[in-house]
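Both of the next two complexes hold chain A, though its partner changes from chain B to chain C.
Now for the complex of A and B:
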């Protein structure tokens, strides 16, 4: 188990190193002079020279690469051109918005998907099962940002129940008010992501329910509730855990897009501001942090999977 | 009525009979989208970029079947042009993913050794950079545009294709016909592309259909964020981006409704087609 954990950890670090190298290399391909692109052609030469130095463009690429890697390893992602402050600080601040959205959406998706998936599997082929399949198909096909737009039209424009845009100045100092601004985004993302999850729970449980030990449990005369809740669910949870990990990555991406629908100043809008300002240290930082989350989650899921299922070999 | 159909080509009919309902429904939807894209080239309606001032936010009518947008442009015509754009971007992106991914997967699987290790590691790293992240990077460097988004979506699709191709090669490599070809002195590249590739195509085609659905969604999201197709080219995602503020102001819901339905329908079509193809082409997959 320990060898496996260390090997898996090593792979994750190697992956991160490769990803950060990719993120670094992109800048080498900027056509023309990046400083001229950022400041415009008729920029003050002194200002241009200072920016060139700040960005490290007056140093050879290999040296820049190593200082970038050293920065990534120590959590220093450089300085934003647009804001003039540390990229890490900007990202941390937007994470206080993006992470709650992601976590709340994941909770909502699970709360919807697990009971619905179980019900659909227990009555496989029935009307509820059909409805759940339809829900899953729709969830996969409907673009989440469009669903967000429709929610704005329904809940904010027509019914006037919830705010459609922005995040209060006071932020989390007034948590209830802050949550009101997150309600529609979380509903949008959570509903969309619960679709696939429902299908996974259903499929996984159906597979387990067809196994011999479940037949034995039924043969012993156990009630269907005990068979499902006590015997089948634990084993059916395994594939679902894997999917939850992958879901988290998808959720993160969905959150970046849906934030934009509701005008929330999270990671997504930070990256988009960066692109408009050609602030590539900022964009690189956001992309790298998101990639780190994805790698870390894959790692956690792999380790958790081995822990939950003793049959998994660590070969 | 029905027996007239069964007479002429019994063999073909029996193979068609095996196609699952999801493939038929998906196929019909995809066909409709393709027809819409082709029709847009013939400009059956108004020019999608023609502004009709004084006729902004018109509801659906005989003149404008689906209504007009904030510039009075015909939504039906823009929707057709959007189909063309979506299929074009999807085709290029899936093409990049399919060709690059299959090539890497076949090479890694067939040649094995250190090449295999390096390719697999590279794919692992790419997994950490989904299409949106690649698109953000490319847009920061080259500026936003259809090109950046196509490349980003295509490259992000590479790992899935490569893994499928590699797994297929590993399964096929030990088959007697590959051994026979090796014994006959065929070169590695001939074996890989003449003997192995045709036998692992099934799962790759299934993945291409599913990846197409993903590419349409990704393109719409990127264009919605302003990272993809640029104005005035009609793109479903871009249409939603432009319509949003007018929707929130309660002006007209139509410019926000149709593009979303078009995206959903197209994605549904490719997903259903992929599911149906899997039942048919991928013998290992369970239904």
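Now for the complex of A and C:
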């Protein structure tokens, strides 16, 4: 297993290098210019020239690429063109918001989806199954920016229980207060994600429940509870874990819609700003960090397979 | 009698209600990239800091007039070549240091130097020397008279910080305004606090002002209704404004801005290098319909490149009355007809929903005159580079929000590609005259000339729409320059 892990790590570094090189090239080819976005429509050409030089944008792309790569190797992601401060710092700061949102959302989604999916699978075709399907359908169909707004109207405007937007100045120094600000975004994302997950749990469990070993277990006279919880669930969890891993990586960026509605400066918003401002170092930094998460999560998911399904071996 | 009563009530209201204290949270749509207006272009910088934190020798008031700020008074010589400014004496910067003529001299020597990184050296091009006669008198000498000199001194770029303080201004601006900068929570907001050392002891009324970045207009409305913010500074959508007007807890401020929503035409390339075609386009546009349908009645019709929020404005919107038949006739003269319809690409900039919608509605109007516009949506950076800087387009639409910017038409390389020696001559007359009255007349002639040449289609003055809690008083009714001026805002009890 350790050799496997090490081999995977080597592969991961290669993947990261490929991803970052690809992004560097893509960013080079999209039209646009950070200087134009900094100085605006009425930019003075002399000033623009000077700024381009100061930002090092007049250097040849290859030179810029290698100096960036050298920085990355030493853990320095460079300086944001738009904000003029360290990219690493900006990303870390945004992650203090985005990671809790994504983690809590997926936790919420799991807490809702697993029992609901099991119930739906055990009573497939019944009223509860129908209700769960309806919930899943709504969760998938309703756009999150709209759901978010509706939650704001319900919980912030009408009931006045929760703040409508933003994040407290003191941040996580007062965790309970911080959580209050994250409640609505987490609810918005979590409910939508639980919809998909409910379908996954239900489908996967139904498939497992129709297999021979389950029939054998039932034939031994085990209670339905033991059959589902002890024998079927672990196997049914395989595809669900895969989806959860993918969801996590996706949400880091996809939460941007919800971030905009709630005025939260997360990773997705940072990426969006970076792209709009043609802030090359920022975009590259965000993509690199994202790629790191995806590679790491894939590794975790693969290792979890071994635990969930002993047939998977890492020889 | 009723009027008298009203006046009495208003006066009583003012006397009772101009309370000191309280805090205000204002939502704005975007975060500025930095806070130094001399190095970064962003209307958000001006919205947050103009007059609130940063001040110059003179400033624009809510009516668009140039009034004293750090200069108590000024005198121009008869030739218009020397300006002498008397500075206020008891002015302190937010870091406690005193404001003197040295700060002014440093500022403008830097500003006029193209190598200093200051954003608009051309504003100060005509300044030959700036010197301190004594600690409270500054003398500017100019190469030639410049009618826009004082206007440029009132711009956000001309605000003055402590001598020698440059890089720190980007993140921690220090000025002389009634509010001092307290903190910038990246992605969340900028906080200001009252400055106790302000030279006008009456001001400010508020203790704290927070500008919150909330990029979603609907979320702004929700936050206002939830009580998490007190004001939406600008950019309330017409739909939301209509809804808020019916709500007794809020009030909607509706005024003019400096934005001319302009349909730019490439005057150097077919088909719009033909004035008959450009005039036909003018007749094909029904502004009233656009105003009512897209803007729900918010906005003001315009017909040239100046805003009703500015001084010396002349309405040209009546020059070409909506007349599709006249448009067809002109197009026929230019060689277009049913067999050979006028076709072109109309580029819409993605980040501006209202300009986009106006463009779409206009394309439908064009069709009634037999004109076929192919719509294309382009992303912002592409718009700047390909269309604005590259001039590679046929027709586009954008709001020009820079104030007093009719001078861009003297630049034949500007993306409209308009080149008129007559206009340039007129503009020079305006710029070099010494007589403000004559300058004003010439400014009107300039607006007329552009409309006559049908350079572009100027559709509307973009409305300035803000929404406030009922008790927020003293908000600027118009935007002669981008500014969420809170210096005299107070909360009624």
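Some notes on this structure:
To be clear about the criterion, the second predicted complex is superposed on the first by the 261 of 315 C-alpha atoms of A that agree within 3 Å, B and C clash if a C-alpha of one lies under 4 Å from a C-alpha of the other, contacts with A are read in each partner's own complex, and residues count from 1 in each chain.
Rule of thumb we're sticking to: a residue touches a chain if its C-beta (ideal position, glycine included) is under 8 Å from a C-beta of that chain, and two chains touch if they have at least 3 such contacts.
These figures come from a predicted structure and were not determined experimentally.
In the superposed model, A:145 lies in contact with both chain B and chain C. In the superposition on chain A, contact of A:265 is made with chain C only, not with chain B.
Of the two partner chains placed around the shared chain by superposition, neither chain B nor chain C is touched by A:175. Contacts of A:278 after superposition on the shared chain: both chain B and chain C are touched.
Once the two complexes are laid over each other on the shared chain, residue contacts for A:153 go to chain B and to chain C alike.
Once the two complexes are overlaid on the shared chain, A:31 sits against chain B and chain C alike. Residue contacts after overlaying the shared chain place A:165 against chain B and chain C alike.
Residues 30-31, 145, 149, 152-153, 156-157, 164-165, 260-261, 278 of chain A lie at the contact with chain B in one complex and at the contact with chain C in the other. Of all residues in chain B, those touching chain A in their complex are 121-122, 124-125, 127-130, 132-133, 136-142, 144, 213, 217, 220-221, 224-227, 237, 240, 243-244, 247-248, 250, 253, 256-257, 259-260, 263-265, 267-268, 271-272. Residues of chain A that touch chain B in their complex: 11, 14-16, 18-19, 22-23, 26-27, 29-31, 137-138, 140-143, 145-147, 149-150, 152-153, 156-157, 164-165, 249, 253, 256-257, 260-261, 268, 271-272, 274-275, 278-280, 283-284, 286-287, 290-292, 294-295, 298.
By the touch criterion stated above, chain A contacts chain C in their complex at residues 30-33, 36-44, 46-47, 50-51, 54, 82-85, 90, 93-94, 145, 148-149, 152-153, 156-157, 160, 163-167, 169, 260-265, 269-270, 273, 276-278. On the side of chain C, the complex with chain A involves touching residues 31, 33-34, 40-42, 114-115, 117-122, 170-171, 183, 185-189, 212-216, 218-219, 222-223, 225-228, 351, 379-382, 384-386, 388-389, 402, 405, 408.
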